[in-house]
Amino acid sequence: MIKVIVNGAKGRMGREAVKMIQHDTNFTLVGECVLKDDLAQVIKSTNADVVVDLTVASAGFENAKIILNAGACPVIGTSGFQLQQVKDLQQLAKSRQLGGLIAPNFSIGAVLMMKFAAQAAKYLPDAEIIEAHSPQKEESPSGTALRTAELISSARNKSTMAYSDKELLNGARGAELHHVKLHSIRLPGIVAQQTVFFGGLSETLKIEHNTLHRESFMLGICLACKEVVKRNTLVYGLEELIN
Amino acid sequence: MIKVIVNGAKGRMGREAVKMIQHDTNFTLVGECVLKDDLAQVIKSTNADVVVDLTVASAGFENAKIILNAGACPVIGTSGFQLQQVKDLQQLAKSRQLGGLIAPNFSIGAVLMMKFAAQAAKYLPDAEIIEAHSPQKEESPSGTALRTAELISSARNKSTMAYSDKELLNGARGAELHHVKLHSIRLPGIVAQQTVFFGGLSETLKIEHNTLHRESFMLGICLACKEVVKRNTLVYGLEELIN
Amino acid sequence: MIKVIVNGAKGRMGREAVKMIQHDTNFTLVGECVLKDDLAQVIKSTNADVVVDLTVASAGFENAKIILNAGACPVIGTSGFQLQQVKDLQQLAKSRQLGGLIAPNFSIGAVLMMKFAAQAAKYLPDAEIIEAHSPQKEESPSGTALRTAELISSARNKSTMAYSDKELLNGARGAELHHVKLHSIRLPGIVAQQTVFFGGLSETLKIEHNTLHRESFMLGICLACKEVVKRNTLVYGLEELIN
Amino acid sequence: MIKVIVNGAKGRMGREAVKMIQHDTNFTLVGECVLKDDLAQVIKSTNADVVVDLTVASAGFENAKIILNAGACPVIGTSGFQLQQVKDLQQLAKSRQLGGLIAPNFSIGAVLMMKFAAQAAKYLPDAEIIEAHSPQKEESPSGTALRTAELISSARNKSTMAYSDKELLNGARGAELHHVKLHSIRLPGIVAQQTVFFGGLSETLKIEHNTLHRESFMLGICLACKEVVKRNTLVYGLEELIN
């Protein structure tokens, strides 16, 4: 039985996490904290194994330090960490012999899609990314699409294609990052989708992820809570806990 | 039994058409012509009902006149007609009481896709077009994608979406024609695909056409040969023969 | 300004309908009724133009009669009507010169999908249906899939395919209705999807509808309320209001 | 420069392989054999590094022995090997310190799809397989679909779904192998497609492979020829050469 505290328990993600932990027989929920609570104190009094931090990006680094220093494993769901901050936390986790995770994306499906895209790019180097979100999304392409393009680019040898790419209308061939084309669709009726489309000699391979609702992140948080307690290093990215 | 001549019988499309007409029991192939043949003479000597013209764009208009004047129904598979030329041929067909078709695209699947896209746009005005072709295709977007955007734009009331469309990378949101976004993918392993993607309140509708090989045009040529002999007007676009 | 009553206003669909009508400037919500209310009385006192009935199947026929007799246009969202009941209501609507709709499905996307499937089947008679729902759905195939198979079968000439269909494992080739194959997928993460897949000579056409949430029905209810007041006949099926 | 012999060079696959090897600057084609040729003799006289065997299933085992005994690496593209035959060849390859491959499927895209399906099943255990082929395919489901179901079943913990699966029409829910559902579509306009569809909490993941033409196998044969010369073991399945 893993004892879990949710920090940021009253936010939208936090409430979902509380519900998930209460319903999973592998966990006992020993605390629900909000920003102003003394987190170190709650960890010590409850003897918690894991703290899931779903607060705000600016608090993530400090919270991770508090959690490790109090002897629990951090599962941090905020983005915006600097490289040096991750290294400092990895050093601290190592000295304390504690596992931990910092994850900008808790969707297991999205993480698998990125992992498979990188693997496929070794053998099928010609790829394009099509992502679709609701019109409310402010920026294009999505962070996941940009990250996928980086992974494809690192994994593959140079694409074999010599593009002519004459555009009759500007933008037809999409955006480009590291010679990977990205296309962003914005339509109502969509929450978040991404397709990675590979083309080879007389064959194509598509990897397509579709999210209906933020509760899809719960499966990743659940996996993380089970994994960090078995480890003694802190990792960055849910993909590091997936093999 | 419909008597058919194929003009341009030695080209790639012409050879496929000859094969199709020979195998369809509704037709008798009464002539295979090439550019230098006297088409009017062949029509008269064979008493042909229909001439399928698969020569070159520059010859289409003159051939259509020859065919109508010789008393047969033209099925013209070349593009590049001017509006006035179409009107002249319609006048000539009317005076001769002959049916005819000028069709830049003989794919029934593609024509149905465009027709459905226009119908859907009345009720689901928010739409984007994604087309995919082999890297050999020289220009983006495809002619079919541009035509589809025009049809959507004509059919719908104004799109309900106020786009923010902030692009972190240029071109992410694609090209735009009449406020319809178009995205062009170029990958090996694809001949010709197009998806029209509609989004509404908590629902999406996709219409997707996929071509494997130019023989897909034969179904449209076959339909056209059967329809023009029943009619006494010349129409532009295979969609005019489909209800 | 169309004056609308929602009958069954406290059910899940009813609450969504109330919200939609309150937010659409074409409508005034003049009444929210539940089963025990005197519907005829409310219609007369509010001088309502339209009554949206979202109660239970068993009440649909009686409610439609009450609504027509009270001088309003019924929009009935329940299934299970017998053919004779529909005919009786059409007769009553005609005598009263009132428009009306009985619709087992208010999703405009689903109705368009079925309409397009019937149109495509005339030209591409070989088709299979793949529908996907959540594992909670009790029966396979879905009602929409069965209805689509009927529409395809009525619209097409005989399929050109001679199937071998040797199954190494029972059920591999799916269910069959009127020589149309149907395949039902049940997976978490899906609300309701249907793909109608057409195959022709070297080409395929797919029509795919995806529902995220029951609020997708509101667009159809909204369309119905606007259309019935312009008409003086009662029709069965939302597709009758779409052209 | 790798010296390659194609055995079965006059068959449909063999001719494609000859063409591919002639056009790839990593290879020299040193022999084109047919069944009646003395393969051992040709290997010795040309000092070949690799023999690609694309003859018939019944000859595969004997050919592999001849190739290994003559000192070359076999790349065998036939199916129907018994487990003991594979073990015997692995023993022989080991004693000769030669690499080799027996592969029932040379499509890299299909092999990646199966590999990803097995990986995904660990985290998203609920999956169904939909495969589509031309109506000429005699048996359902396809061999690739059956193999994929086995891989999913081996990789995952038990599916979390309690299916009701009440079929209104027999076969609606497809075939079942190791609690994985399989659905086979047969339509013109399709060569070979397979989708592996995973569903999780409010998310789905699809892996979709599409083959246009048998030349898609050439990429796998090319990879195999480059890999076997670096190795000193014989493996079964192209996936063993992919990491």
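Labels for the chains are A, B, C and D, by order of writing; each one numbers its residues from 1.
As a working rule, contacts are C-beta pairs under 8 Å (C-beta built on N, C-alpha and C of every residue); 3 or more make two chains touch, one makes a residue touch a chain.
The shown structure was predicted, so the numbers you read here are calculated from the model rather than taken from an experiment.
Of all chains in the assembly, those touching chain C and also chain D are A, B.
Greatest Cα centroid separation from chain B: this falls to A.
The geometric centre of chain B is 39 Å away from that of chain D, both derived from CA atoms.
A separation of 34 Å divides the Cα centre of chain B from that of chain C. In chain C, 189, 198, 200-204, 210, 212, 216 are the positions where the chain touches two or more neighbouring chains simultaneously. Chain contact summary for the complex, chain A toward chain D: residues 107-110, 112-113, 115-116, 119-120, 123-124, 198, 200-216, 218-219, 223, 242. Those residues of chain D that touch chain B in the shared complex are 189, 191, 210, 212, 216.
Every residue of chain A that touches chain B in the complex is listed here, in rising order: 126-128, 130, 132, 135, 137-141, 146, 160-177, 181-190, 197-204.
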